[in-house]
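Which chain is which? They are A, B, C and D, in the order written, and residues in each are numbered from 1.
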Amino acid sequence: MKLPEPLRGVVTAMITPLLDRDTLDIAGLKRLIDRLIDGEVNGLFILGTTGEAPSLSYQTRQEVIRHTCRHAAERIPIIVGITDTSYTESLRLGRYAADAGADGLVLAMPYYFSTSQRELVGYVQRLVAELPLPVFLYNAPTNTHHVLAPDTLRKLSELPKVRGVKDSGFDMIYFHKLVWLFRDRPDFTLLVGPEELTAEAVLLGGHGGMCGGSNICPKLYVDMYKAAASSNLEALRPLHSRIMQISSTVYHVTPENSSYLRCLKCAVSLTGICGDALAEPFEPLGPAERERVRRHMIAAGLLEN
Amino acid sequence: MKLPEPLRGVVTAMITPLLDRDTLDIAGLKRLIDRLIDGEVNGLFILGTTGEAPSLSYQTRQEVIRHTCRHAAERIPIIVGITDTSYTESLRLGRYAADAGADGLVLAMPYYFSTSQRELVGYVQRLVAELPLPVFLYNAPTNTHHVLAPDTLRKLSELPKVRGVKDSGFDMIYFHKLVWLFRDRPDFTLLVGPEELTAEAVLLGGHGGMCGGSNICPKLYVDMYKAAASSNLEALRPLHSRIMQISSTVYHVTPENSSYLRCLKCAVSLTGICGDALAEPFEPLGPAERERVRRHMIAAGLLEN
Amino acid sequence: MKLPEPLRGVVTAMITPLLDRDTLDIAGLKRLIDRLIDGEVNGLFILGTTGEAPSLSYQTRQEVIRHTCRHAAERIPIIVGITDTSYTESLRLGRYAADAGADGLVLAMPYYFSTSQRELVGYVQRLVAELPLPVFLYNAPTNTHHVLAPDTLRKLSELPKVRGVKDSGFDMIYFHKLVWLFRDRPDFTLLVGPEELTAEAVLLGGHGGMCGGSNICPKLYVDMYKAAASSNLEALRPLHSRIMQISSTVYHVTPENSSYLRCLKCAVSLTGICGDALAEPFEPLGPAERERVRRHMIAAGLLEN
Amino acid sequence: MKLPEPLRGVVTAMITPLLDRDTLDIAGLKRLIDRLIDGEVNGLFILGTTGEAPSLSYQTRQEVIRHTCRHAAERIPIIVGITDTSYTESLRLGRYAADAGADGLVLAMPYYFSTSQRELVGYVQRLVAELPLPVFLYNAPTNTHHVLAPDTLRKLSELPKVRGVKDSGFDMIYFHKLVWLFRDRPDFTLLVGPEELTAEAVLLGGHGGMCGGSNICPKLYVDMYKAAASSNLEALRPLHSRIMQISSTVYHVTPENSSYLRCLKCAVSLTGICGDALAEPFEPLGPAERERVRRHMIAAGLLEN
């Protein structure tokens, strides 16, 4: 499936349904894919941060790729996270994804060593040259502790296989600088990571977002995207407000930084798609926290009472 | 002058025109005030970060207050930064501002010691109780190294003198959380600091911005605000793009973090309002850098060739 | 009083005894000075971080200088912190200290704006040229958010008035690099800030430390210094262990970052020298915490039961 | 080979000799092992940060384990880094190491997600229960962005398989707190990571260090350890000074954070043991930098002219 240029809309950063810390829940994965396609999202992004990819074994990562590609069966674009600290393992995942029928790759910077912009340029140039699919570069400083500087991205965008950026830097000035920097490249995709920032990214020149919340309720995020893309602020504001409500309540049941991931998985499980097992080092929410998620979901219109 | 509730629009975070490292350029200050009032900004914010307040002696800070209030002469709301590491000096500045005729105060957290949210709450409660004017709390983590957590702000908003927030945290999720948290307080002002984020803040529920660039060219920022406030995205997008061009070029002539402040002051001086002297520890741009600012200004339509 | 070159031993980073948030406790200050001179410390450092200088008004800072110099009356070297965000106020404090009879100054970098090493060099060169006393540069990244790079210090050490460094960077590799870098300057003082690091600093080429704990019990820190300076490890180890016990227990009664300062002041008050009032934004420990400090002091041999 | 309790002395954090980005140089590895055993180091630590483990494929990591165990052949204790973001892969490496004949494991925290102390405790408890060898916990905040709090370590030290800590936190107060906290556990190993801090760690109660520089010249670091362990400060100081010279010159040929790793590997290659190939994302030093390393090595007595 050829990826649109640019890739627009809501691309769901998919959770990985698990039976235990490292066993894929294949049935749950299929149900989730069907929900997302039914919900009219514009793409699936598997094995990202929300998909807990770095916490999964390589065997499980390959199973996620294989079962997603097989079940989605050309119904929707699939892009696969191949971020890793090991070049060889990234490359292997990229080749596996191509063989399985995926449409694109997402690559964040290797996240153990502190690496300069000059070194990151070299790394991406060498790796992308060997990768068999289009690549989106992933700015993910919260987890990788590297910012991909705008100039670095500009330079790397000259590689034909580099098709765009997913920015999860939580810094909208940075994102707007990319929009300005790539004003002569209407084909170059600029997606934002956090669902809370998708509306403004799209209003001001971005192409879409990787909304994790669309795992729970794709319609809300697709509607928000459509309202933003059509500059319909009257429709947009209440949708955005509901997204902020979810962000402020459903995802914040514990003060730990893992709260987003654990609450999101809990919320998806409360919609009946799959269980709430997480990969290490995380554990599911306890019963009291789960009940609070449930009540917040009802308040936000994500569950019936 | 009674402050509107909420305070809306472009409130210029004014530079402090100087003759040397700590001597106020009174004539320049008056010209700048006149430009801003002519440019129809909605308020003046003196002695903030852009005003280099922490770098000025108390005598100079008092002169800035006195001359601004006298020259503006009730033509426009004036709010005064009183942020300091010393409670006593903050209080003294606040009283001086009230006596001089200012309309409100801006207070960021004391910025030497690491202080917990619990301690910040106590500090603000005690200080605000003694202050003679309405107060806007200032989230300025880049410089103070404290984030005012949304819950902290919610608690402090119960103090009658606390009228709003200026958020310079560069984190729009935080800002949107404030919008959501204060959805039942339409009187409570929510302003954003960075000019690059004002458009989206206003589009999605904020009241305005403290645009530093309006020192150079108030019209551009006022037009941007009006387009955002009226949801006119067709008008907004080119204005926002020009603001990003200024941010990406005019302000980035050196790689140092002081670049914004030094370039801004250089740019104002190139418009003929005042010189480019800075308070310590900064020095004006050199001739080559100044020439680059000039060329970027011409490219951005801020200067004629 | 001419400062030794280098200045060796325990220089107490003095607390500022207060009657309330900004009123000097003159009697307490005198008692503290007498304790320290009796305890044979090698110098007094007033208005540092431990002295809460940035939280005090200028009037109070001047009173601390005046009363300390008058009461110490040439019995011991006095060095005065003049760190400030305002060049003019730093200079004024430095001149006041010289007039009052102080022997040296301590200068950390201005702590509001992010400033490059190049800019810091210029700032120090300009300010030191105007200061009337010898200066120790103070590396205090925890509070100022600037590291003084070793090369920056090497450059600044060429100014005749710059006599040494106080390093509170909590990074012993940095300190050892200074020892190595200044191996040809036996006159250039290298002091370490944290009392927990004084032993190793002295064992491996440093000249002493600014032990805050010596406000409570000067003898312990002086004995530790002497053991380290004479390479007597058998004597040193139990003293160092007791210092670590104090650091791990007496200073850690709350999880807040202010714990050190509040516990230290509480501990001094429990020895009867002065009260435990703190400058804003901090408050004294509550009764339960105070009792825990008392019990930890007894366990560490700092109080009798 | 049963590990001594505590494990004392210089345990070399071994580089991984490579032929290219992910191919083990088996002959180089053997030469390096022989040098280290001849040099009388007290243990080999393979697949740590200095060994570039996270950048190597799993196949290569297994080869490093297999060839090291085979070649060292019970002549010296071997401990193996199994740190990974995936629990399953860590466990697999741990089992592989046990089968290959290694004597212990080193485990830092998973380094992609931000994880609370509570969560880290659970993670370590679960993983250690399944591991077949003694484990040293590795505090490596520079790379993992987690600090293992002293209380966390105290709790985890109750697991019988947990035998000690390798601290690469660059914070000697933290290390001294561990010494104080484990004062009743003379069997519990406390090693420090950075070679620049080994002397003081050993002088004040630690058991040794993981000196990376011992890849170049084991004798220097072994001599330093012996001098520190025998409290011979007269012998220690010039050795420590030379170690600081190496740190300040040989390792700092570029301003990039990768400088240490690239210079170390270059230096080893200049001693003729192996080439200077690095795993991605790093590249060897260029010829001019290599020449500077060579000259610094001569100045530090590590190479003959």
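Convention: a contact is a pair of C-beta atoms (placed from the backbone, for glycine too) under 8 Å apart; a residue touches a chain by one contact, two chains touch by 3 or more.
Here the structure is a predicted model, which is why all the values come from computation and not from measurement.
Peer 1: By that same contact rule, can you tell me which chains touch chain B and chain C alike?
Peer 2: Shared contacts of chain B and chain C: no chain.
Peer 1: Farthest chain from chain A, going by the mean of C-alpha atoms per chain?
Peer 2: The most remote chain is C.
Peer 1: So how far apart, in whole Å, are chain B and chain D when each is placed at the average of its C-alpha atoms?
Peer 2: That pair's centroid distance is 49 Å.
Peer 1: Nearest whole angstrom, what separates the Cα centre of chain A from the Cα centre of chain D?
Peer 2: 35
Peer 1: Which parts of chain B, given as residue numbers and ranges, touch two or more other chains?
Peer 2: none
Peer 1: Looking at the complex, which residues from chain C come into contact with chain B?
Peer 2: Those in contact with chain B are residues 21-22, 49, 54-58, 60, 85-89, 92, 109-116, 118-120, 122-123, 126-127, 142-145, 256-258, 261, 279-283.
Peer 1: Taking the touch rule as given, give the residues of chain B at its contact with chain A in the complex, in rising order.
Peer 2: Against chain A, chain B makes touches at 150, 170-173, 176-177, 179-181, 183, 194, 196-197, 199-200, 203-205, 231, 233-234, 236-237, 240-241, 244-245, 247-248.
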